[in-house]
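Take a look at the structures below.
Next, two complexes with chain A in common: one pairs it with chain B, the other with chain C.
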Partner chain A sequence: MAMVIRVFLLLLFIFFYAKHSFALYEDQVGLMDWHQQYIGKVKHAVFHTQKAGRKRVVVSTEENVIASLDLRRGAIFWRHILGGNDIVDEIDIALGKYVISLSSEGSLLRAWNLPDGQMVWESFLQGPTPSKSLLFISTNFKVDKDNIILVFGKGCLHAVSSVDGEILWRKELATESLEIQQVFQPLDSDIIYAIGFVGSSQFDTYQIDAKNGELLKHRSAVFPGGFSREFASVSSDMLLALDATRSILVSINFRDGETRFHQTYISDLVEDSFGTATIFPSKLTGKIAIKINSYIVFIGVTGDNKLEVVEKIDYPAAISDALPFSEGRQAFALVQHGENKIHLMVKLDNDWRSNLLDESIEMDHQRGLVQKVFINCYIRTDRSYGFRALIVMEDHSLLLLQQGEIVWSREDGLASVIDMTTSELPVEKDGVSVAKVEHSLFEWLKGHMLKLKGTLMLASPEDIVIIQGMRLKSSEKSKMTRDHNGFRKLLIVLTRAGKLFALHTGDGRVVWSFLLPSLCRSETCEYPTWLSIYQWQVPHHHAMDENPSVLVVGRCGLSSDAPGVLSFVDIYTGKELKSMNIAHSIAQVIPLPFTDSTEQRLHLLVDADKHAYLYPRTPEAINMFQRQFPNVYWFSIEAENDIIRGHALQRNCMPEVEDEYCFNTRFLWSIIFPSESEKIISTATRKLNEVVHTQAKVIADQDAMYKYISKNLLFVATVAPKAAGEIGSATPEESWLVVYLIDTVTGRVMHRVTHLGSHGPVHAVFSENWVVYHYFNLRAHRYEMSVIEIYDQSRADNKDVLKLVLGKHNLSAPISSYSRPEVTVKSQTYFFTHSVKTMAVTSTAKGITSKQLLIGTIGDQVLALDKRFLDPRRSINPTQSEKEEGIIPLTDSLPIIPQSYVTHSLQVEGLRGIVTIPAKLESTTLVFAYGVDLFFTRIAPSRTYDSLTEDFSYALLLITIVALIGAIFVTWVLSVRKELSEKWR
Partner chain B sequence: MEKGKGVVGRRWAIDFTDNSTAPSSRDIPDPLGFTRASPDQDDSTLSRQKKDAEANWKSQKAWEVAQAPFKNLLMMGFMMWMAGSTVHLFSIGITFSALWQPISALQGVGKVFEPYKDKKVDTLGPKLLFIALNLAGLALGVWKLNTLGLLPTHASDWVSSLSPAQEVEYSGGGLPIR
Partner chain C sequence: MEKSKAIFSALVILGLCLSVLPSAIAKSSGTSEGYTINGRVKIAGMGAKGFSLPGKISNVKIILNGGQRVTFLTPDGYFSFHNVPAGTHLIEVAAIGYFFSPVRVDVSARNPGKVQAALTETRKGLIELVLEPLREEQYFEIREPFSIMSLVKSPMGLMMGFMLIVVFLMPKLMENMDPEEMRRAQEEMSNRGVPSLANLIPGAAGGSR
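Right after this comes the complex of A and B.
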């Protein structure tokens, strides 16, 4: 008895001393999470290399990021993400210390401090009409050491002081259909020129006094042929524009306030110019670049408005703007492609033959073509001019070239992830080379000695730093093989540029990358857009020696009825297995729950005409599919018409085409929402790969409730059409939110609930038998979260223990939606403080572990919230048995526990999505959050109950074991002695 | 007469209590003046009385032993009441000891009554009582196990790990991909 008490006390002691916490300790940061910062595809770049100190380049990107990068290493000094609807139009540097950014269609002008990125001032520019926005920083016109910033936006020309952002004057230039195309100020002049087109054929010139904004002159001239709105300026008083047919180059000369047109046929300049011409947007002086067919033609202007061809080069090439560098000389860069190489040439503007720079640089084939070049000049040690070029590649990566080498590169394509999937790593092969072991043996011993010192608290501070470094860079977590716990995986990520990246979950490094369009480009499909990615082949039981592969679905063009493209990519090698240009369009991709003998998943591709095509196109797949054929349905949501339709499949696609892989679809049901009162704003379904452990939920007093678990459930949220806009656009009386749960096989509405006075946006997550959604309550002026749980009432009377013991129950019988199971619904609503960007739910390998909601907050962090807080059975005073069950007393709002931020102190800027991947260890989920940044970690919603934690004291365990063995030995010896002396007695 | 078997290497032994009547079994002649005759042939009535007393004593003892689990039962009941009805180390330990004790006692029923075995003593009654009391103890333990919720007597115990039923239909789709 005394022994029992002693053991009990010891255990108590251990429990009290093992601190349980969801939060991380400071030294655990980076052990299992990684965070990568990106900026996106660069649109503009402005160099700032004044004097010594930190050389930097300021860039603005298509992800609306303004960032300052280190020119030596490419690291980010600072960056600002302006948000999805604050598009950066232009950036520039003023006064040598401010970065000026113009955004939101020319209505927001901001100045950022160049060294540290703090905002200095912000001006809101108003105007009557939306228009093109232009930014021009005048350098020669100064009022009290103040440079004027000229901004054209919203139909108005503004002069803004660069010191404090004050608007000095404002001139409205908006008349009917006038589109100002360019604002500039010639050197040593007080006159600002604004030029633009009215309608399709009129050309207008405005001359404005720079001091007070008075209109000095306004000239307009009509060109009868019409313009195509494409133009390029050649000099301060001359433009070259294309006419409406794109076959005539019109030189527009507006010197002295008079406008003169001069036409030149492109066919006169360039032979075999039967294609349509486009003007390159590069700003050069004295010449322009035109793309015709597969050529780029440089056309120069000679003295008396005569045009002549300067040079003709092959298309794909990129041209930078002209850069003035010394005594009025100007240079521009030209990048051309060779085999596995790019040729960078820097030429003087007025002299084609001489090259300031001619370098060829080895370039990875997977980066595609050069899309943009920005050049900058520096003075070498021998006082000659050197040039460095910043190039933007087709895969949105950013590279700095200097002295024939790539100084640094940034994979900024990863800022625009559009879809992702995961894959297991290869199984570890037996046999490790001896040399490797011997080499690392000493290191291994040293590491373990250090760790031992650490655990025995003998380590000096320096040792602790080394130990921490070792923990962070542990080679164990970045191995290229499968691990026992399933923490090491590959994240296959598809970016907007059409590039696939395989990221290792251990440290986030790029294992391989593959640019899809580079191989797929063909006559029929010049610019495919890639849409989504699916797991095509996941070998596990049989076909183990095959590599897994993914299916990438794309489209030839932007319209939804454009023909599709499929690409199959091997995950281990990163090579394309095959690609297909398919004849039909792709509106939906439905992965089916069947796999063939090589573990290829069957997919159904539905085109815009509602024909379904089965892939892979093999006889085995069609045989397998035919058996399941009558039980496969599909539904389509037409959000613009507010209709949901359900379909079944039918044999024989089109009578004229013999294609046994093509199926006609038969319309079954439709749900038409009344367009005057409801508009679909959000839908959610369960994840296909979600695993549910059990159908019963054990509640207090050992009662059981049966969950209604169906993969064919659809959550739809509709709002009043008036309330479809921003919050505040509708009063509480005229806005409502209606939520439906729909069975997608029969079209039956399982549940419908109306939230009066509520407003979108709605974010929903569907898992097991529950759905949680987040919306705004206009009456309470707060965000709310609601939970709906569905239970199967038709199974509720399975209560006889004897029958259950004998297995005489209907619980494992297959369910059909046509049996119209009776359901009951429980729901509850809570207030929630944050607005939400995205929501997800944890998923584990067997579905036993309790769930957590992962909420992407407006602050770009990921918050983990226990599902227990969103339990409709919560009540204000739970009974004793309910408390034992773990039901939390009801509160009106959901708690936000600061320690439960998954992203701890980091921000995933521009957060767009959260993906959870089950690890092999049941307690653990891998979480991948993507936006402009990438973040990965693993979390254990119910703590790691199935493995020892990282901070488990192995030393204590070891000491205990040693002590116990010692004790056993000593007592054994003692007992032997005692026995002997007993015998002698 | 089994002495000397256990210890190997013992060459000889003299048993002073040897009272066998046949001298031929021995190689050594009897000492002079020693007659090998039964010493208690004279007072056989005395010995019978003694035996009766012993039998009485034995049966009394057997009944006492048979009643012993009753005390244990009370003790266990008290302990269980102290342990409460929530599952923790203490209550589990007590419950399992309450289950184990009767089982081990029942296994050793024969051994417990071995010393009281006699031709004249009837041990069936005490044995039955002993078994009954131990069974009561076992029942108490099982009852305790049930109050702790460790017995699968509810429907929830049988369905809690029942995997979800298969669905006949499969439906996919959603918003058109963009």
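Right after this comes the complex of A and C.
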């Protein structure tokens, strides 16, 4: 019998350890993860619609993406994200098959194959001085069927062959302060014009032979009034520029090499023009658009340099560049705003009265104003010309308009997530109709029959497709109610455009979106920038009827002492509850661990002058806060001065400011790093909402160690100033990395360790009693990851039972943040292969499940690495008891197991952050990774030990149960017979 | 992918073609003093794989110094970084489906034109900067085809197996036992009153009467 049990246990053991992996099967992709691809706010767009076949638009964006989009559906054909320092200046299409991109301030010219995005060639252009970069692809000038590309960058004019990127000639045009503003080649001409300004008042024209780059003519003329550097070309030989005072329009005529100026006062053209004028950057012909006060004035040029006002329209409007279409005619688009509508007009360049197109399109006002418009023309079936317009909205979304309708739209604001938080969904209301149940029962049975077929490998290919489709769009996961496991939540993300999106974790769809009010964009606050998002009200115990809400913090302007803006948004409805323009600045927002009777969280906003303000401003909040007044501590990091300071509250700042919610603060401590040898490059703290299950860690030999768990620990990494730059800029001798663990209440340095010969950047995560950080080791020339674990030594004696019995333990002693506990530190270092962009750690509801590190690698993948690999107690030959504990033998580098990539075969392009959210189910963590793309999945670091997985075969279970019952009856009958025969014997 | 066998020499060359530039610029050091790193990525049989990986040569990125610069591959796999200062640099290749070791590249100011590259994972030196993946990466578990073994290994299979063992092997074990010992065991069992299956089910007990 014992042997049987042993065999059984062995079998069980084999079963549990044979399939010890966390990976997905390929057909499980999309079951619990979703991936969304974005491109960001479009800067330039070039249409490619000439030939039959796929119609495309090639765009470059502020997220530094070059992408080719399907003009019919808006899908991405291909896209490339350039490096962070390699900003795209301009794009164009050459030869009808290459996308040409100019980047890095005019020094890198690349050609991409239009159909598939393969890079064809790359040219590195050099020049002596940084300058404006310009790209001009001449269509009329051809050398052996080769269009030449004219590039001005770094003070040189280059002519580049568009076939292979070879530099045909280069001409240096940079003198001391010449700034070339425009390069163009008139039609049917071999002469290239380059025009620019020298200093503030000299205007230069260069005429260059397009064949060999010889300088044919150089003229310069001085305009005594000076220029404001704003200009627009009206025709091939005329410019309109603003003078230095922005009150005079100067027409510059440079025909035949002669430069003539002609001044016109704007006030003569436009009445009540007391504001300053700016020229719209749109390239039109025969006219320019200038903005004065709240108007856009189109000014046309008639013969002999006479200027006249063509039209005057209200300001929020967007104008496209002129688009040449049939027989030398040119058209441009103008978009104006109406009530919940936009008006798109396409007009001929030379005739204002003509409207080639006049459409009104319903527009969700959550998209804000139109910021950019690009037009493209096509030939309708009746041989007339139609126009389609690509518009970029204030929330960075991209829309294609055609025939008075929105053909497609892309929410590209989601490419620039700056902060996020989560929220529970509403609780499910009772009352489900019977018909629904019956229907779902039938569906359920049908589904299970199909699944059974799938399990038994009897399903036909069509069935497999149906099964896969059923699994992917199971209505369960995209319901708008809370689920038992806590997998369904709302992700509230704040984008750079100032728009809030609520994404459903089930399928990633946008539940609602809300453009944070542009009403703050008043006289007082022209450009509010939104910074961060906090959970303001999370009703759970009482106040269950209230909807949860978030607090969005912004400021009016870019400087840190600009006045702040607060907005409170209801999470279920997506409506703003209230918004505030507050008088003080916001340097720091501290969510306090107290909530009032309506579950509103108390927040402390610290301004630049170190005054603290309490929100919400209610008497109840201030009463609660007064009680906790002496227990509030915080710290601030001044990275530029290399100082960390600790603060506490002092008293009401009544005498100075009449405000009982305002408090003075005092410095408690400061740590000043010697700026000649150390520079702060990275800090990390524990997550505020992290749950720790147990303070003790049972180690081998029935011993225990006590984790030092404090919410007030701060990890700081400093490097030598020389090593603060990029890798390769410092030698191992002159670089070092110093790591500190600082208690933020007392300012005490708990631990300090120096890594000589190491280099930034440092990425760190802090969780429970350990911190893991990633840095570069210059001596080994590899990346390293180190772990530091902190244990409380003062509680180590508590293990003595006798003391426990006699009451001599210190378990009941109050824990104070002021106490100086004896801590011991264990640490270990390993090699890690990849560069890291960001790091996070899993978090679960109760903290029981073991942790995994989530590492965002340079290849934009997210790797899950067990914390067990980063255990300082690993040794080369672990003892038997250590092995039983699960300690892995020490290796010099951390393993990269491809199956443990959370993102499997996908990439989260431009990865910037990883957020983990605990689900209600203890084993499971929700993971949200954002960058240009968004990716969401859920992972179980120790497998789903507390629930059955989705591919659990219920059919097999049923079969087994039936078989067992059958066996019971068979054996019963057998045993009855046997017993009977025994008795007969 | 074109499999050119041309010998790729002079991998790190002096980026400034001094003959092209006017001498005035060549003297003005500082702004454009740098070297060019040229190299090549070779992936055998790319695109001819059976897996549905989106592994395409156009999606391969070459990354210098952890993201300082990013470049892409030409159709035949070449890449270059321009204007790189002298020093020791790190090149990484990001290609979905392949594991590349980062490469340490020394660009020396003293003897330009000399490349020193080494894989940091294996510490293998490279004579020329040709990067090849160390291994392919398989991101998914391979679903095993339906087999009796997998059914047996599942918990339900184990339950059945255990039951079969009890039903068919136990009597055999009993038979092999010494009859004396058997009797003793049976006595012991009856003394202790261990419920047998027949006793457990009242119908069975009644039927035996």
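Everything that follows uses one rule, which is that the second predicted complex is superposed on the first by the 901 of 985 C-alpha atoms of A that agree within 3 Å, B and C clash if a C-alpha of one lies under 4 Å from a C-alpha of the other, contacts with A are read in each partner's own complex, and residues count from 1 in each chain.
We take it that a residue touches a chain if its C-beta (ideal position, glycine included) is under 8 Å from a C-beta of that chain, and two chains touch if they have at least 3 such contacts.
On a predicted model such as this, the values are computed, not experimentally measured, just so you know.
After overlaying the two complexes on the shared chain, residue contacts for A:V553 are found with chain B alone; chain C is out of touch. Residue contacts after overlaying the shared chain place A:T694 against chain B, while chain C stays out of touching range.
In the superposed model, A:Q588 makes contact with chain B only, not with chain C. Residue contacts after overlaying the shared chain place A:P898 against chain C, while chain B stays out of touching range.
For chain A, the partner that touches more of its residues is C, with chain B and chain C as the two candidates. Residue overlap on chain A between the chain B contacts of one complex and the chain C contacts of the other covers 4, 7-8, 11.
Chain A meets chain B in the complex at residues 4, 7-8, 11, 531-532, 553, 560, 586-593, 604, 606, 628, 631-637, 639, 646, 683, 685, 692-696, 698-699, 702-704, 706-707, 709-712, 714, 744-745, 798-801, 804-805, 811-818. Against chain A, the residues of chain B that register as touching in their complex are 89-90, 93, 149, 152-178.
Taken in their complex, chain C has these residues touching chain A: 15-16, 20-22, 25, 28, 31-32, 36, 52-54, 56-58, 61, 63, 65-75, 80, 82-85, 87-90, 92, 94-97, 99, 101-102, 104, 120-121, 137-143, 145-146, 151, 153-156, 158-163, 165-167, 169-170, 197-198, 201, 204, 207-208. Touching chain C in their complex are the following residues of chain A: 4, 7-8, 11-12, 14-15, 18, 21, 23-27, 29, 78, 80-86, 107-108, 110, 113, 116-122, 124, 126-129, 170, 172, 455-457, 726-729, 761, 776, 778, 780-783, 833-835, 837, 857-861, 893, 896, 898-899, 901, 904-905, 907, 953, 956-957, 959-960, 963-964, 967, 971-972, 975-976, 979-980, 983.
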